[in-house]
Structures are given as C-alpha cells and as structure tokens.
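The letters A, B, C, D, E and F name the chains in turn, as written, and every chain counts its residues from 1.
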Amino acid sequence: MKIAVYPGSFDPVTLGHVDIATRAAALCDRLIVGVYEAPPKNLLFSTQERVELMRQAVSHLPNVEVTAYSELTMDFIRRMGSRAYVRGLRMNSDFEREFEMALMNKVFASDIELLCLMCSQEYQFLSSSLLKEAAALGADVSRLVPDAVAQALKKKFAARRRA
Amino acid sequence: MKIAVYPGSFDPVTLGHVDIATRAAALCDRLIVGVYEAPPKNLLFSTQERVELMRQAVSHLPNVEVTAYSELTMDFIRRMGSRAYVRGLRMNSDFEREFEMALMNKVFASDIELLCLMCSQEYQFLSSSLLKEAAALGADVSRLVPDAVAQALKKKFAARRRA
Amino acid sequence: MKIAVYPGSFDPVTLGHVDIATRAAALCDRLIVGVYEAPPKNLLFSTQERVELMRQAVSHLPNVEVTAYSELTMDFIRRMGSRAYVRGLRMNSDFEREFEMALMNKVFASDIELLCLMCSQEYQFLSSSLLKEAAALGADVSRLVPDAVAQALKKKFAARRRA
Amino acid sequence: MKIAVYPGSFDPVTLGHVDIATRAAALCDRLIVGVYEAPPKNLLFSTQERVELMRQAVSHLPNVEVTAYSELTMDFIRRMGSRAYVRGLRMNSDFEREFEMALMNKVFASDIELLCLMCSQEYQFLSSSLLKEAAALGADVSRLVPDAVAQALKKKFAARRRA
Amino acid sequence: MKIAVYPGSFDPVTLGHVDIATRAAALCDRLIVGVYEAPPKNLLFSTQERVELMRQAVSHLPNVEVTAYSELTMDFIRRMGSRAYVRGLRMNSDFEREFEMALMNKVFASDIELLCLMCSQEYQFLSSSLLKEAAALGADVSRLVPDAVAQALKKKFAARRRA
Amino acid sequence: MKIAVYPGSFDPVTLGHVDIATRAAALCDRLIVGVYEAPPKNLLFSTQERVELMRQAVSHLPNVEVTAYSELTMDFIRRMGSRAYVRGLRMNSDFEREFEMALMNKVFASDIELLCLMCSQEYQFLSSSLLKEAAALGADVSRLVPDAVAQALKKKFAARRRA
C-alpha cells in the first residue's frame, strides 16, 4: 500500500486512535488521518482543535499527515489518491453500525478497500463518547489520552463550569 | 391472513421496505402500510411526503394501501381491523431494540401477532438513517431507493445547501 | 397462506415449539410440522419418538400434521406443496446461525419465504439442548414441556442410569 | 457486604428496578439507591420527582435509602462509604454499552466492584425509554410500574396534551 | 452473604478464574468453588486433577474451599447451604448461552440468586478452550494460568506427543 | 507489506475465501495461504485435498502460494518471514470467537498484526460448515464455490451414499 486513509471524528483523539494510527503507518508508505468536519453528533472540540490535537498525537510518526475533510468519506479517500481506508476494530456496540456503513460504502465505491486493524486489549473498551462523559464529571482520564488532550479536556470543562 | 399492517416511519422508503411490502402483500388479502407520524427521532420528510413517496413506491401492488397514523401502533392495527403486523428482519444493530419493543407490545396487546419477514440479502444492510447521511453528502443512492425518492432526496438537500 | 411448513429437529418438542405451532396454525389453512431426521448433532430421541411426541403435543390443533423428512429443508417444503416456512424467533445465541442458514437457503430456493414468529416471553430462553442437560441431571422440567415429553424424558434418563 | 450502591437515572422507576433493588437489599446490610441528576439524555421527570417515586417504590424495604447525586458514579460510591455497586442484567441492546462503561470505570476506580444481578424473566425486556414512548401514546403501563408511577405518567402526559 | 458458590468445569483453572474467585471471596464469609464432574464437553483433565489444580490456585484465599459435584448445579448450591452463585462476566460469545442457562435455572430454583462479577480487562478474552488449543500446539501460556497449571499442561501434551 | 499470510482450514475453499485472497493479494508483494492441518473440528477433505483445491482456486493470482502447516498459527507466520495475517470479516456468529482468538494470539505474539478485510456482501453469510451441510443433502452449491470444489463435493457425497 502506498497511501492509506484513517478517517474519523476524533473528538478528541484517544490513545486507542494513536495505537491504530501507529499500526496503520507501519503498513503503508503514507498515512493520511482524515478528521471529519461534520459527523451527525454533538462535538466537544472544533474541527481546528481536533486536527491540532491529532497532529500533536502523531507527530512522532514521520509518514503520517492530518487533514480535515467534509465530503463523503469515499470521495475524500479518492481525492487523497488512495484506495484503502483503515478502521480500528473494537469489541463494542458500535461494531454493527460500522459494518453496516462499510457495506453501504461498498455500494458507492466498490473499488475502495476497508482494512480493520485490532487495537491493543487495553484500549478495546475506550470510546471518545464515554471518555467525554467521564471527563465532564472530573474523572482523571490521563491514562487514556495523549497529554495535550488531557489538558484540553480540563480547560474545556473548567470553562464550562465557570460559564 | 385477511388484513396485515406494515408499520414504520419510512423516512424515506427504501428498496428494502418495498421488498418487505411486496413479500407481505403476497401473504395476505390486504396490506396496510402505516406511516407513523411522530417517531422519537428527527425526520427529514413530512408525514405527507412520506405517505406520498410510499404510495408511489407500492403503486404496482394492487392490494396495498398507505395511511398515516399517530396512536400506539397496536391501537392502529386494531383500528384497521387487523390482528397481525409485519416487520423486516435485518441483520443489524437495531434488531435487539425491535425485539424489546415487540415484547413490550405483547404486554399491551397479547392478541396481536408479529410476523418477521427476511428482506433480500442485497438490502440487509440498508437503513434509512445511513442512507440520509450519505445522501446529505452527495452520494448517489439511486440503486437503493425508488426513483421518486432519489429525486426527493436530491431536491431536499439542494434546498438545504442553498439555505 | 394455504400451506406452511414448520421444520425442526424437535428433540424433544417443548412448550415453546407448541406455542409457535399454535400461532402458525392460526395464520394458514394447513400447517405441516416437519421433523428433520438427521440434524448434525447428537439426538436423544429417535425420529419415530420425536414425531410421536410432536403429534401428541399438537393433537388439539385440527389443521396441523406432523411428518418426518430427510432431504434439504427447501426441497421438503416444495414437496409439501408449500412456499413458506415458519421459525420461532428467540432472543438467543442461535439467532445468527439461523439467519445465516436462512440467507443460504435463499440461494437454493429464492421462491420460498421465511416467516419468523415471536414466541411468548416465558419461552424466550427455552432450548431443547439446555432442557436435556437439565433433565439428564434430574431437574423437574414439567413446566417447560408437554406432559408426554416430561414422562418420556424421565423414562429415557432412568434407563440410562440403570445402564 | 456492608453497604452497596444501586445507581441509575430511574426516569421513572419500573418494576424491573424494584426487582433488582429487592434482590440487592437481601445481599447487603444497607443499600443506597443513587438517582443520577444529569444523565446525558432527555429526562421526563425532575430529580426530585425521580427520587420521590423511587422512595415510594422501595418503602417496604427497611434497609434501602434513596438519594440523588451529581458527581462521577465512582466518586459517589466512595462518598457513601461503599466499595460495590449493583446493576441489573438484562438481555438487551444496552448491555455492551454498560460493559464498556464498567471497564472504563475500572480505570478510574479499580478498588470498586460491580455486581450484576439478573432481574426476573418478565422484566427482561422492560426499559424506561420504551415505557415512556408507550405511555406518551396512551398505553396502559400499569403492569410494568409501581402504582404511583402509573399515576405520575398519566398526569405528566395529560398535562402535555393540554399544553 | 454468608456462603456463596462459584461453579464451573475449570478445565483447567486460568488466572481469569482466580481473579473471579478472589473478588467473590471478598464479598462473602465462605466461598465454595464447585468443580462440575461431567459437563457436556470433552475434558482434558480428570475431576481429581481439576480439583487439585484449583485448590493450589486459591490456596492463598483463607475462606475458599474446593469440591467436586455431579448433580444439578442448583441442587449443589442448596446442598452447600447457600442461596447464591457467582459467575465471571466476560465479553464473549458464551454470554448468551450463560444467560439462557441462568434463566432456565430460575425455573428450577427461583430462590437462588446469580451474581455476576466482572473479571479484569486483561482476562476478558481468556477462555479455557482457546487456552487448551494453543497449549496443545506448544504455545507458552504461562502468563494466563497459575504456575502449576502451566506445568500440568506441558506434561499432559508431552505425554500425548509421545503416545 | 512484503509478505502476508492468510490462514484457515478451508474445508473446502468457498468463493468468499477466494474473494478475501484476491483482496489481500492486491495489498502485499506475496500472499501465503496457510491451510491448517488439524483444526479442532471434523474435516470433510484431507489436508492434501484442501491444499489442492485452494491452489486451483487461486491459480489466477500470480503472487499467491498455498502451503499446509501444523504448528501454532503465529509460529507459522513467523516461519514464513511475515509479520501480518489476514482474516475475512463476516457478519456472523463466529466473529466473537475469532476476536477472542486474535486477542489471545496477541499474548503469544505481540509483534504480529491482524488485518481484517471485508468480503463482498454476497458472501457475507457463506460459511464452509453450512455449505457442507447443504451439499450433503444434495443442494446445488455451484454458485458459492469454485467449479473444482463443486465437483469434489459431489464426488465426496456420492461416495458416502454408496458406502
């Protein structure tokens, strides 16, 4: 594989995402992490913040770039000159939805391949949404996210409490 | 079976729904497609639009009628003079919720029977919600919905982009 | 529906099976319960015993017949002059295997329809295999099976203990 | 176990919750039902109403207290002087999310134990959210909730219809 | 809880089982580990070996005893003077079967309570059957089982290879 | 990826396997299909037959080799000079077992990466075991397997019927 894409909303990036990006980067010449601008759910961080936090989180991986996108994921992958995208496989309730989406994507783009990588056991149950719920209530999530994200979460929720 | 009811929100109707309606219509004298007015989720199309698109989609089936309803589904089925309703069985994450609802319905209406039909393999992974997400981003969904729906989706999202 | 088929191994018939047969019988003119001779699992009862116990269990349903079969289930359904078969929908671990089989059956017989009926909540978790395990250890399963089956199980396991 | 905590949003309490509270109360000296003030979902009843309805529902259990809380559940358990919390195990689609949350909780509070109890078969498929949907449409849910809750639901939805 | 029972086939005991036994022992005065003599599957170790390996594995827990049993699990629990049994909750494919069995047990023994405990994340995916498959092929499973079990597995498979 | 391994029992190879092998071959320089000699289940075809049928099935793919192996899969991958193996992702009941095995493999070989590829929708529900059950009863499986396999199945079951 020359170029692979790792798409997601990354709101915010967790150590599980970093784990998958690291594995994917080892399998291709160039990995493009695509931060999706407008997923159909409430976001905590702006697109710019999500891109910036991801950039810091993967700065040690020389062949990884981070960019935002707002079109259909399959169109983004093609625009990047790639034919394959990567998703982390977790043992969780989102799996079937993910699967459904992947099969629908095949209808729109039968030439694009999905590669699922398995993240480490310690991140199998880590999801951005649960993480945000816990952090909002003051939980110490520093073992689950990059340092910059832990600080960004603290700042974000401190601002909320002041408001 | 004399009369059977096929209830749903149909927002919008897909070829998967048409598949189920066709199978159900072959098993009873008269099939009533019930378009539920106020499901607990955001709708893209108005009740009138959903009824109209469904009517066009099943116009080739002589023993099928389409009507909107706003009461408890079990009460609607009884009002239609029926004792049985039909649902499409898909291999997806909504299945357990559907099951839960069916068992609760049994508490309210133990005399009403649920018949699950299996839709074709090609529509197993087709859901209205994923379809709308894809169409909103400009995906060509014409292989997954009736023609009138494909056009209605295009118009709807073009209007949104102009807004 | 004129004729419907309810296939299974019924080793032995439980009150859950009787529940489904009763519901199915109300939806068609004639219901044929097909006892499969050689399922790929160990059987406790012979084909003749399984047919006989089923016959007694549904003897109160005037439009139900019981017969054994050994060919492909889809071929049996066609031989009976039917185009539809019935399965009980339980919330259990066998569901996905059942689904897989139903979709493979579609490849062999796209003209034959599967109807899934939902058995009563009290039988949702009842399976012949667990029942046999419990009965083998002397559990009183009389609330879960027809009387004749409770007696047959007792006799069978008493004979084993003597052996 | 000296003290155990049974946390939830209880919006509103159902007979399934009462079943679990009764079982849990039999296993410890003192059970504290914690009504979570601000779960990430829309609530029908205020915190005060939810606490009051729960209090009435468990008033026959001498060793059970009810109190509201708004911090991280793990922190609430510690504040109550407990090291164990109880959850009802239902065969439903929320199970995996619950599991995910429990494993994340272990990261924040490895010293706190989760005990899952199995509620009675008749409440296996009972959820507060489906109950509210049905009650909003006028379904008679009196077999599924304590009397006071049935009345509170009627009043709540009557007020809505007048509005 | 005065007395609780932890039943299983333990063929052989893994660190996941030890984890659950440790948690359960902290919740009751006396924990009885019941080694089931004749589960409906092929066993690698004899009853005596399984009891002995379990005894060594929990020898550091003063309030835990190990004994074999061959009757219905519910009857064994009653014979031990207990009213509660413990099972480890793992995120795996056996869960639904376990659930089914627990609900059937309720039919035979409605007075006996099931408590599910959650084992540590690192043992979530550990099963005796997969472990045996791997060990049979020479995998080093020493991180997943007590030392005595690792040695017993080595001896067992060395003997088989010589045979 | 230079070298990837696609391990399995392939008893017999189906068009679903060929689909995955084709996708995997496009992602690496050299793909080694490993036919596992002794999986813990009953086999219909001998190792030699399974290797031969697979060889014919992938003969049009220039960078694919087929070989049998009998050691631990992770050891086989290393012996082949590879660090990655490929599995087909199907929406079926085997998924969780597969996941469990993959996480256990990580304990033995943390340096080896699993890549899951998604097979075409039409093969999502195709499994070798169901296929064999159907073929044994005379079903025409020619749309689901390579021609040579269809013939081998016919011969195999004809011989059995004569026996």
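The working rule: a contact is a pair of C-beta atoms (placed from the backbone, for glycine too) under 8 Å apart; a residue touches a chain by one contact, two chains touch by 3 or more.
Given the structure is predicted, the values throughout are model-derived calculations rather than measurements.
Asks: Half is the threshold here, strictly exceeded: which of B-C, B-D or C-D has more than half of its contact pairs identical to A-B by residue number?
Replies: B-D
Asks: With centres defined as the mean C-alpha position, give me the chain D-chain E separation in Å.
Replies: About 31 Å, centre to centre.
Asks: From the C-alpha centre of chain B to that of chain F, how far is it in Å?
Replies: Distance between chain centres: 39 Å.
Asks: Report, in whole Å, the distance between the mean C-alpha point of chain B and the mean C-alpha point of chain E.
Replies: 47
Asks: Which chain C residues touch at least two other chains?
Replies: 91, 93, 96, 99, 103, 121, 124-125
Asks: What are all the touching pairs of chains?
Replies: A-B, A-D, A-E, A-F, B-C, B-D, B-F, C-D, C-E, C-F, D-E, E-F
Asks: Note which residues of chain B are touching chain D in the complex, please.
Replies: Within the complex, chain B contacts chain D at residues 40, 71-72, 74-75, 93, 96-97, 99-101, 103-104, 107-108.
Asks: With touch defined as at the start, can you tell me which chain C residues reach chain E in the complex?
Replies: Going by the criterion above, the answer is residues 92-93, 124-127, 130-131, 133-134, 137-140, 143-144.
Asks: Hey, which residues of chain D end up touching chain E in the complex?
Replies: Touching chain E from chain D are residues 1, 23, 26-27, 84, 89, 91, 96, 99, 102-103, 106, 113-118, 120-121, 124.
Asks: Residues of chain C touching chain D in their complex?
Replies: 91, 121-122, 124-125
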